[in-house]
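Letters A, B, C, D and E mark the chains in the order given here, with residues in each chain numbered from 1 onward.
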Amino acid sequence: QNATGTASDNKIKIGILNDQSGVYADFGGKSSVEAAKMAIEEFGGKVLGMPIEIVDADHQNKPDIASNIARQWYDTEQVDAIMELTTSSVALAVQAVAKEKKKIDIVTGAATTDLTGKACSPYGFHWAYDTHALAVGTGGALVKQGGDSWFFLTADYAFGYSLEQQTGDFVKANGGTIAGSVRHPLSSTDFSSFLLQAQSSGAKVIGLANAGLDTSNAIKQAAEFGIVQGGQRLAALLFTLAEVHGLGLEAAQGLTLTEGYYWNRDDQSREFAKKFFERTNKMPNMIHTGTYSAVRQYLKAVEKAGTDETEAVAKAIHEMPVDDVFAQGGTVAKNGRMIHDMYLLQVKKPDESKEAWDYFDVLDTIPGKEAYMDPAKSGCDLVN
Amino acid sequence: MAKPLLEVSNLNAWYGESHVLHGVNMTVGEGETITILGRNGVGKTTTLRTIVGIIRERKGEIRFDGKDMLGVPLHKTAHAGIGFVPEERGIFSTLTVEENLTLPPVVAQGGMPIEEIYELFPNLKERRSSPGTKLSGGEQQMLAIARILRTGVKLLILDEPTEGLAPVIVQRIGEVLKTLKERGMTVLLVEQNFRFASRIADRFYLMDHGQMVSEFPVSELPQRMDTLHKVLGV
Amino acid sequence: MTMIFGIPLQAFLGQLLIGLINGSFYALLSLGLAVIFGLLRVINFAHGVQYMLGAFAAMLMLQYFGINYWFALILSPLVVGLFGAVIERFLLSRLYKLDHLYGLLFTFGLALTLEGTFRYLYGASGQPYAVPAQLAGGTNLGFMFLPIYRGWVVVVSLLACIGTWLLIEKTKLGSYLRAATENPVLVQAFGVNVPVLLTFTYALGAGLAAFAGVLAAPVYQVSPLMGSNIIIVVFAVVVVGGMGSIMGAILTGYMLGIAEGLTKVFYPEASNIVIFVIMAIVLLLRPAGLFGRDA
Amino acid sequence: MAVAATHNHAEPRVVLSARGLTKQFGAFAAVKNVDLDVHHARVHALIGPNGAGKTTVFNLLTKFLQPTAGTIALMGTDITKTPPDKVARMGLVRSFQISAVFPHLSVLDNVRVALQRPNGLSTQFWLPTSALNRLTARADELIEAVGLKRERNSLAADLSYGRKRVLEIATTLALDPQVLLLDEPMAGMGQEDIGTVSSIIREVAKTRAVLMVEHNLSVVADICHHVTVLQRGEILAEGDYATVSQDERVRLAYMGAEEA
Amino acid sequence: MSDMTHSSTTTVRAERSATASKTYAAFLILGLVLLIVAPAFFYPIFLMKLLCFALFACAFNLLLGYTGLLSFGHATFFGGAAYFSAHVVKEWGFPPELGVLTGVVGAAVLGLIMGFFAIRRQGIYFAMITLALSQMFFFFCLQAEFTKGEDGIQSVPRGHLFGFIDLNSSTNMYYFVLAVFVIGLVIIWRFINSPFGMILRSIRENEQRAISLGYSVARYKLGAFVMSAALAGLAGGTKALVFQFATLTDVAWQMSGEVILMTLLGGIGTLIGPIFGAGLVVTLQNYLATSQFPVTIITGIVFMVCVLVFRRGIIGEFYASRLGRKLGFEHRH
């Protein structure tokens, strides 16, 4: 047994723990496991002469199942690091377990900044994105593009509030104004009432501070009511390529959003995406690629530390820059936050799209330092 | 005896594991009125329900009009010409009185037209648009009988048709049954009301322990009175 | 500008209309639920899934066979109805003898399975389905911009509701159906083929759900989750209306749609629970529901 | 027969009275302006053609239905607005026209469930069921009195219709009510049971009031002290059986030509 | 449904139930011994989870199996109690025993409120009303400040039981959970085999008759409902301590569905059936998590198969089997 995380068992075992059958399955799901395998294959399946194994599990969005599996993986199956961890309740629960067991976890699937704030862990890392970065990306950058008055459609729970509030702060910081907001219940089917209110507010941008199907439905119905044709812009605060694909360009055109990665941005990203597509039949979003990047960086850290012992590997991750298809010149802060550039994207019109999955124009690049919260202000007690 | 319309031989029936009928034998001739007598719980109702086909756990032989009925599905027995009025009446609460009355499909010519039925049971006419189960117990019984008269079946099976009815109504039902008989209807009924039964029946079966223990025509009634008193406690 | 409760009259009218549109979906769905419940005494937990299947069937027909919206509007309910008939005939019908709760539990399992399967095959984020060209665009009513398609939804669902109500309350078939609910054995003894009737009923209910699904496809995202998001609300609608009352289900559907729409304007935070609150109040004052016959 | 606990005043006094009782079902008045007095130590019969409103009167008196108009008093207390379970606890207990038993309890348990309430044994969730054993002796007495001894341990569901009615009488008696309302207690019973039940009712009525609906006129003639005839929701005639049965209107509306 | 302990009637039955009680006692002792030594063989956190869900299912079954009321809203009590316990322990520094107790009381209050509305209707109506009300509670938890939205209340300290037993040791925690479980089960057992339980049964059999005998049916049902809610709360509060968090999963309607599945699988109306059902479901979910099968599909299929063919559940089928009968268990209906 490996209770203190010191002795090595001569193999590297990585666990991918995410939602594979529920509402967030498109976000990462089984395809993320493929992305992780791609990273492992780049290492030839071995690091420091030790074989690399991968296990994965579907936590069904239930923190108790996730926590149970994480414990069993760490305690009895010699898993060295757990990654992805979709949804914040799961990520927080597993990070707590990992911290207690002195094991590594890298979150790519959850958005809450608490992971690198109040709940931070010396062995816990947050890759890919968080609510702060999304807010800065969409809120800040869009104002610069002329979208200076906002109306929010906010999902009526903590996640929605924090997105609205953070985004609103950046809108105001950049000289924009908030014309109003309306809170809609989680999993509403009909948004037309709210959209009419947004429409009559006259704001230039309608910010969708919600997620998943709610965002999709709101966008689809906005198209129906001719909101974008009416000259208003839609900005989705948490939306990825996978959902745009589900919505179709007809309905999604003109939508603005922020992601940490876009496959059709440059040659490097295209090359990775093509390989990923061959294996999964879909193009990667920031979560898939983020998981790939996290696995790759973890393996590099093991290589650098010369061991799979937790403390040493964690130290190496903190020290090494991240340079791969996902992040260029990324750094890992003391609180575990991986800081990298984000992209403000706009959905193309159907006739502008040249090939399948060619969905976005990159409007702007937000430097990592701006996108992510200053670690000193994160509230994490590891930073001082 | 007239040509047999219904022949039952060695009929056995079960409720789950409990064996209730132990080889019932009986014949009902065309145009006859037959009454089954017996104490509570000897299996009278069960006999009727088995003949109609509601109880499917059954063995033996049931011939109706020469045809073997054992394999016939329940919804075809009415079309073969058997009409049933259950003990619990079976009036539908979501249907109006009139809908109840017209519910059973007409299976053959010669049924009673609605107007005639309303003449026979003026209560029903008066309440024809109220929900079926809002009728009183007795009114429901009338409705249950009335609705079968419409369908033109050959054999009418009645389970305790006079239970809970006021004496006037009992008399009226007795008259109705006599009228039907004159028109050639065959009737099989279970009855506790001995006086009523003796007025309309041609023949009696006495039932005990899931079997027919004796059979006699109405003419033998006087000499059998004593035994019947003993068995039935009349 | 005229104001109503601090809201411009125009906006108010707009919201009223939108409530009516949502009410159409509630009405169609609760109608199907009430038909199945009223006649089979089964709470069809799979109703939401059948609604979802309707939308998916339309989407797949378009994708694989190029069948357009108008044909899908007829074909998809038929397909889903047929599927319902098969389920009823071979599985659900075996539960009628038992406590009604088993029907609820069975359809619950069915709903889980089907939703899971579609999520597995198509992901959760859904699929696009466009408004048919003939109904695209909108008209300016003066007080609001009304997408033509939404107007169509109101009209056609109203027709479907009335048609179903007539079928059940005013025809011979309907009286067989109602009688079979109460005492199937006796109705069968009268010479009616009850099992076939019940199968037809379930298929009818499922078909109505699918019909609502096709209507919804161009408006809402065609997603495996679309059914479970709406079904619990529809349950509450049916409780408020009084289960087993067909007309009650229809009227309550429209009424609650409007009530919900107005809440979205005056106090949007409560719009998801307003129907449940109304349900609680109705239960206190009229336990059998607004239109229910007393149990 | 130890059916009735002994009370010793047998003088007739009114225990249950209704004034102006009316029940409207929509436009249809099932009961119209009925005055009724039920006396202690008397058997009172309510007869009348089918649909006259007898069961409805029962439902009103026991508060299973709320009267549209009129008042009801039980032993001097106004119960017009009292809920049915409370009325039962006050000593007014009924049986049903269609038999009402607990089908999957044994005959013994059916009776013991009824005994539990007056004995204050119904809310104790911390006691074992064996606490009910002290009711068994009394339950057996009642079972024996109604002649169900042989079926004591069968499930109520397995009894034939007539035997269920008998069981229902036993459970009703178990509550030792001051006023019993019996809705066609003899319907569906064989002659032997009719005899038993008649004598039970007669016995019981020595110390309490009984109001019964019955179509079996020989029973009515035999055991009832007082008869009220209802027709179309209204009282048609009242008096002892001999008087009532001579009434021309009653013969026409109810008994028919051949009876009596 | 068979309840072996019911001091029964027929001589045959009495004999049988004597055999049954003996076999039953033997099984109980065996079971208890197994549970006491179990941590040596199984992963303790898994066992604790199992015990919590088993207690939850038993509490649910108290309502469904013995009063015939199908609640589709029991997640409210389970998850609600988890939130209450987690909150008072984490934010107000309550000791664990008081934390769990707070959960129980909170769940009982919720039960009183929900029951007040729901018992006005029966059967399927009841199920739908509880479902709707629990959905309302879900939205409340989603929006309330203290539940921390979709993050949930995390890092709840386990603390020291009675001030001196350190629950951070998983052995101590396990035996604490086991004790809670046994206490809960004893309460349920006593409840259903009491005079009160007898009235509940008769109400299920014939409500009108029970009213006419003078029982205020609504109060009895409400009593059973609150009892069931409180015990579900006991399970939920304990679970919050075991996992050290309380999240929305436990108040979502899917959780209400899961507990029905557990009870159905184990055997409705059997005292120990739900324990097996819970064990099976928890194991299955854990197993499916790492398998290739999508969880919902399998769960749904298990549900349907259960309803169609194993309606009596594992334990129910066992009682009805020849071996079960030989051992003296009988199955009515």
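Operating definition for what follows: a residue touches a chain if its C-beta (ideal position, glycine included) is under 8 Å from a C-beta of that chain, and two chains touch if they have at least 3 such contacts.
From a predicted model like this one, the values you see are computed outputs, not experimental measurements.
Chains that count as touching both chain D and chain E, per the definition above, do not exist in this structure. Set against the Cα centre of chain E, the chain with the most distant centre is B. The chain pair with the larger count of C-beta pairs in contact, out of C-E and B-C, is C-E. Ranked by how far their CA centres sit from the centre of chain C, the chains are topped by D. Computed from the mean C-alpha positions, the centre of chain B lies at a distance of 44 Å from the centre of chain C.
Inter-chain centre distance (chain B to chain D, centres taken as mean C-alpha positions): 30 Å. Here the spacing of chain A and chain B, counted between their Cα centres, is 76 Å. Within chain E, contacts with two or more other chains are made by residues 139, 143, 294-297.
Within chain C, contacts with two or more other chains are made by residues 116, 119-120, 269, 272-273. Among all residues of chain A, those that touch two or more other chains are 21-22, 156, 185-186.
Applying the touch criterion to all chain pairs gives A-C, A-E, B-C, B-D, C-E, D-E. Residues of chain C that touch chain A in their complex: 11, 14-15, 18-19, 21-22, 25, 116, 119-120, 123-128, 130-131, 138, 144-145, 147, 149-150, 218-221, 223, 225-226, 229-230, 261, 264-265, 268-269, 271-273.
Residues of chain C touching chain E in their complex: 37, 41, 43, 91, 94-95, 98-102, 104-106, 108-117, 119-120, 232, 235-236, 238-239, 243, 269, 272-273, 276-277, 279-280, 283-284, 287, 295.
Contact residues on chain E toward chain C in their complex (touch as defined above): 68, 70, 117, 120-125, 127-129, 131-133, 135-136, 139, 143, 253, 257, 260, 264, 294-304, 306-308, 311. The part of chain B that touches chain D in the complex is made up of residues 18, 39-41, 87-88, 123, 127, 130, 134-139, 141-142, 160, 163-171, 192, 232-234.
Here chain E touches chain D in the complex through residues 5-11, 13, 190-191, 193-199, 201-202, 205-206, 208-217, 223, 227, 332-333, going by the rule given at the top.
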